[in-house]
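Residue numbering begins at 1 within each chain, and the chains themselves are lettered A, B, C, D and E in the order written.
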Amino acid sequence: MKDNRSIKERDLGSKPAREKVKIAAFLCKWCSYAGADLAGGSRKKYPPNVIVIRTPCSARTNPLFVWKSLEKGLDGVLVSGCHPGECHYSEGNYHTRRNFAVFRKLLEYIGIEPERFHMSWVSAAEGDKWAEVVKDVVKVVESAGPNTYFSKKKEDNG
Amino acid sequence: MMKVAYYPGCSLHSTAREYDISFQLVCRKLGIELQEIPHWVCCGSSPAHVTSHLLSIALPCKNLILAEEMGLDTVVAPCAACFNRLKIAKQEVAEDSKLKKEVEEVLGKPSAGKIEVKHPLQVIIEDVGLKKVEEMARRKLQGLRVASYYGCLLVRPPSVINFDDPEDPQSMDNLVSALGGEALPWAFKTECCGASFSLSETDIVFELSGEILNEALEAGAECILVACPLCQSNLDLRQKGIEKRRGKKFNLPILYFTELLGLALGMSMRQLGLSRHIVNPSKLLERKLAVT
Amino acid sequence: MARIGVFVCHCGTNISATVDVKKVAEIAKGFPGVKFTTDYRYMCSEPGQDLIQKMVKEHNLTRIVVAACSPSLHEKTFRTCTQNAGLNPYFFEMANIREQCSWVHDDREEATLKAIDIVKLAAAKVGKNNPLQTTFIPVEKRVLIIGGGISGIQAAIDVAFNGFETVIVEREPSIGGRMAMFDKTFPTLDCAACILTPKMVEVNQSDLIKLYTYSEVEEVSGYVGNFKVKIRRKARLVDENKCNGCGTCWQRCPVRLPSEFDMNLGKRKAIYVPFPQAVPNVPVIDQEHCLYINKKKCGICKKVCPFEAIDYEQKDEVIEEKFGAIIVATGFTMFDHSIYGEYGYGKYKNVTTGLHFERMLNSSGPTGGKIVRPSDGKEAKKVVFIQCVGSRDEARGMPYCSRLCCMYTAKQALLLKEHNPEAEAYVFYIDIRAAGKNYEEFVERVQDEYGATYLRGRVSKIFQRNGRLMVRGCDTLSGTQIEIDADLVVLATALIARPDAIKLAQMLHIPYDQNRLFTEAHPKLAPVETVTTGVFLTGACQSPKDIPDTVATASAASVKACGLLSHEKLPIDPQIARVDVEICSGCLACQEVCPFGAIEKEEIVDRVTQQKRWVAKIAPSLCNGCGACNTACRPGAIDLDGFTEEQIFGQIESLTADKGDER
Amino acid sequence: MKCSIASDKFRRKFAEQIEEICGERISLCYQCGKCSAGCPVTYAMDYLPSQITRFAQLGLTDKAMKSSTIWICASCQTCSVRCPRGIDLAKIMDALRILAKRKGIVPKEQIAPLFDGIFLGSIEKYGRLNELSLITKLNMASGRPFKDVSLLPIMLKKGKIKLKPQKSNPGKEVRYLMRKVEKLESK
Amino acid sequence: MVEQLRQKAKELLKNKEVEVIIGYQKSNNNSFTTPCFIESEDGVDRLTWDEHCVYNLSLYLKEVKGKVGVVAKGCDVKSIVALMQENQIERDRVKIIGLECQMQVDEKGQVLEKCRTCQVHIPGMYDELVRSKTSASKIESKESDKEYSVLEELEAKSTSERWQFWQRQFEKCIRCYACRQVCPLCYCSECITEKSVPQWIFPSPSLKGNTTWNIVRAFHLAGRCIDCGECERVCPVNIPLRRLNKKMEKEIQTMFNYVPGLDSKKKPPLVDFRVDDPQEFIR
């Protein structure tokens, strides 16, 4: 995660308080959603900026959902699924990985900050990891600030 | 005509002159032009890699760069130790970008990446081909019973060397069979002769080389074929001492495969420098091959 | 327009301590379509559920949102409750404000705002839920068992005992598998044949068990309850119905060949039964070597057969049968040690494997129970056993432990001593893994009573000197290198998946691991199931197993299969993919990504052009509802019920409709 | 002799040091002993090669580095080729020797390290190995002045060694290269 | 060459191997060529071939039913391969008359950008081949003509500069969908943009809708676009669409070592995977 690491290295703590970012997270129900549940079960604390949309498999998450989220004004998107080789449907997350490997390149090329899209593998046993991922993602999205892609020109309501 | 860079290494200019002579002669005959790398340096052999990893990579790389600067795409190294060090250096630099940077800093030049490192056996088997060798042979080996001894460094580690089998190599055996000799199956083809201890821990050489000689003799060998100056020196120079310790006569000539190939191609023992061997091979060769 | 009811749960104080549930209920009133909201202490309790049902009636609600814990806990509970309220059970969504909200945030205001978002998300989705009907499929009450070793035999007996019909498909001419080759079994030293043969006979005599030996599964289609299976019955050239196994033919056959069953240590004929107790006791003609088939000479077997059972013209036959469930019992094969140059590349005759040794021990085996050197047939007095050959070897073999070699090696060392008390047994091992019942005690006996010499270390080289084997090993416990001259070396080679395991896995749509071993649905809680409903695993095709474990999994798998078959009909989850053929352009990208082979190509007549064209068709019973096909479908012709595009768009939109409004 | 195992942190650091030098992970070793079984020179070692790896795993660095084993290893790579975990033990032996040299705990009685130094000295001077000078210097340094003297006449006669160093002398370049290596490594 | 082409076309029609041949004919009023559909032997004289034949005629293959012959350059054949890969045409229904092309030119007589870096001047698949006397593959390419050099300028820009660049481009879009109509791989009978429940793309021209449309199209073509360049050629407002598609092509080639349109037996990259695919971007 080259791009984000460089951002993480910057001191984010000293940034002035700004508008709270909102992030949609598409989680597969078998691993990452269960991992997020486990984080709750073990009372791991993390920032409240991430709202979860539950999907059967990460492969259900069409890359274009990510674009629609950004188009509609969300500040960041996270997609999370089972670790490779652990997909409940045996190979769904391999397809997810390919789709997003390509799609994130398109986003960047079109001029979307790489800070806005994130992906992770979180298993049902990784409650801690889920909390860490959320903390990280929120930090990085905050560094990019609120989504203003279309806010200056309000010419349609699509 | 095939043109390759030639890295003789220290031994071929000293203890293994006859390997140098016979290899050059054989190459000329087979249509391979050898161009010695100007100002080549020692590959660092056994002491470098136990002293400094960087040094053990930088020294061979220095030679690879020199060879590449000659505009050739292959360098041939007859000494198995040199061959091994050159191959390892090339691979490690290719796989480790950090090491690559360090080596380039030491050498002040971009490291060579394209040049291929080969052992003479590889050139003869892969580039010339046994078929051609067989056609060109003027003398048959007349069933000469040969134990081919490859040593450790010629075939190990297989992931780097990528030539022949690490446990039961066949290239010299195939050459012997192609030339009409009898290639003996035996189990000590890649056992260590103690090469690096030749001068420091000579007792180990006596022990290990003694085992090899013994096993070859038991297998019915009349001579041992080698492809490395260190193997040759240990088995030849130390043979008398081994005989004394074991109380057993071996009298096994230790021939370079280039020498046997040279004989098959019609050259004389004198041309090939066979008089330089400590265990005199002339009786055997005169008797079996009727060469002079 | 949907009329949504939102029910916010306090979960005691689990939620209400951090989330202002009253406020959540209050604000939710303003969400599109929401007609009623309330909060309650325990929604999942009986009074809570009653409340929902009452409010549905009172406010004429058509959709329910319960904001409480994770759907993995109570989705099912509230679906039933929704159904009891007279609504379609899928007109319900759960908003997870406990695990993913109240438990992970401290700030009450922030947590409340987030809970509101979560409820909004659920309300946006539930408004667009489709009524889904659970469908049922009838069940074919037969079980297919692939493989007729001890595992398949046990499974067949258990299924038959439950009163269901089963078919065993076995590739070899006889059932019995590897166990039929063994001499005695550890740790009790029962004779393998004595405990296996009665089971083989039972299988043969059961009215409910059909045997297709010398047969292979060629194609599997369909789904749980309705598998259609094509089976190739290879031509035996002997009529099974006429032959009574008298043996005249094979006694007279002039062709002598190495016997595979005897690991090439003994001979068989070109017409043969693999071993005397074979079931069925009907020979097969080896077409590759039969003189009549190849040269039109001989023909003796046909001449001497008193029942005219020999039929040289017989051809392979492919039959198709239907099954409700499939049990995979294909077993294992042995690792080929000839990749190890240091052990002589398989060239030394006296370097053998455990199975060779097993045949030699067997008194009805090729050596009549004598332990000999295969090179010259002389008695082997000094035997070196080497464990972990190909096991626990990431570099060139299998990374895993083969699990039973420790035990059978100990058994073989013991039997060697029993056959010849003068013989010496040396065992090179790395760790002794003897974790079964009475296993450790057994190994102790072998070392103590029988005096087998155990050396802890791996052997590095075996070579031949003067016709004897030199074994160069090491005893790491004493710190010494050891060289033993042996008559015979017995390698405990790894148990590995069969070479064609992947082909079968693809046919059945079951996953396999990096070692080509079939993968169970869950390593702990579903150890004999696979992710393909209706396909079960038993025995060593899943991982190396000894006989007790194999028999246990066979019984487990048969219970699972019978459980399925005990239903007249099976429900299928309606949250699956469907194709809009009007939009589908037939690129079949969906077919490429479907992990279950649930998508087929179907020819339809276009409604507008009246021309034929291809479209994708989904088999509902094979679809598991992962949604990979949706993503692959460019025009959006596929949708996934329960997670439709409209629902997900609605969820995204709900999050952004009033972005910043709350702040 | 009782021996207490080094702390976790120390062991990890030592393992990392070895990995840093040679890229091999000692933690992969599960002590099957195949290296020791195939090693041609165990008979001359005080500990088995597998025991050296074990010492390294336990952080018993002195035990590993002061053993004769690491100096007796002939670098023949038999162990590396056959290791079921794919560990290149020959490289670990190299790394231990390098570490021992760095720490200055090379046992006096070991001749191999003397040989290494004199060999490198020779190529530092001449760019290539001068065998005659190597033999004489090594014999003097190891206190065996007459070792192999009986072989000298025949070697001279057969042209195996020459009294004069070779004509070409790329020593300068090797010296330059060695300085650079030292500089880089001291960083 | 033209004679050879007409001869081959004639034979195909005569032997009833095809019912119709899709080719190029001279247009009436200028040096340009237009597609033509020839159903009888005597019509073959209309066929022509020169550097002005730029259209990708594979576009019509799906529409024309029955046995059909098509005149195709190397790049066009790539789209035929892609269509076969995606089940849209059956190989045995189509006879390909491959043409060795000599670099096609635009209205101004300039060699097309795509031709300068083309690797398939001789088609990779054909039933009949018409060779050229002046082979284009012999024409030396310049250093600046590297496969992806067209992307370099934009790639070097910062994220926000790129956003502004593309926004300026998309602002121009009038949603005429000419890019889609001319694309051989945009064959869906109903395009996602026509879908209203849910609405993926806001239908009338607007910056947001235009951006979404172009992103959706670029992603739908990822791993499939064979770079015939037709979309960019027909765009009335000159949006540099090739730079979008080429970028996807480059990334997919780097990550998955896949080039579209070369092998009809291969799975397209976005419905395929390898266990060791790159994933350094995933936490």
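As a convention for this text, a contact is a pair of C-beta atoms (placed from the backbone, for glycine too) under 8 Å apart; a residue touches a chain by one contact, two chains touch by 3 or more.
None of the values given here were measured: they were computed from a predicted structure.
Between the contact lists of chain A and chain D, the overlap consists of C.
Path length between chain B and chain E in the chain contact graph, taken as the least number of steps between touching chains: 2. Ranked by how close its C-alpha mean sits to the mean of all protein C-alpha atoms, the top chain is C. When the C-beta pairs in contact are tallied for A-E and for C-D, the bigger tally goes to A-E. Chain centres here are means of the Cα atoms, and by that rule the chain farthest away from chain D is E. Put simply, the C-alpha centre of chain B and that of chain C have 53 angstrom between them.
Chain C and chain E have Cα centroids lying 46 Å from one another. Our note on geometry: chain A versus chain C, Cα centroid distance of 35 Å, whole angstroms. Centre-to-centre spacing of chain A and chain B amounts to 59 Å, using the average Cα coordinate of each chain.
Multi-chain contact residues of chain D (touching two or more other chains) are listed as 43, 78.
Counting only residues that touch two or more partner chains, chain B has 166-167. Listed for chain A are residues 63, 68, 91, 95, 99, each touching two or more other chains.
Contacting chain pairs in the structure are A-C, A-E, B-C, B-D, C-D, C-E. By the touch criterion stated above, chain C contacts chain E in their complex at residues 582-583, 585-589, 592-593, 601, 611, 614, 632, 634-637, 645-646, 649-650. The touching residues of chain A, counted against chain E in their complex, run 1-2, 63-64, 67-68, 71, 84-85, 91, 94-95, 97-106, 108-114, 118-121, 133, 136, 149-150, 153, 155-158.
Against chain C, the residues of chain A that register as touching in their complex are 19-20, 22, 24, 29, 33-34, 36-41, 43-46, 48, 51-57, 59-63, 65, 68-69, 72-74, 88-92, 95, 99, 131. The part of chain E that touches chain A in the complex is made up of residues 154-155, 159-167, 199-204, 206-209, 211-212, 215-216, 218-219, 222-223, 244, 247-248, 251-252, 255-256, 269-275, 277-283. For chain D in complex with chain B, the touching residues are 21-23, 40-41, 43-44, 72, 74-78, 80-81, 88, 93-95, 97-98, 101, 111-117, 119-120, 123, 127-129, 131, 134-135, 138, 142, 147-148, 151, 154-155, 158-162, 166, 168, 170, 173-174, 177-178, 180-181, 184-185.
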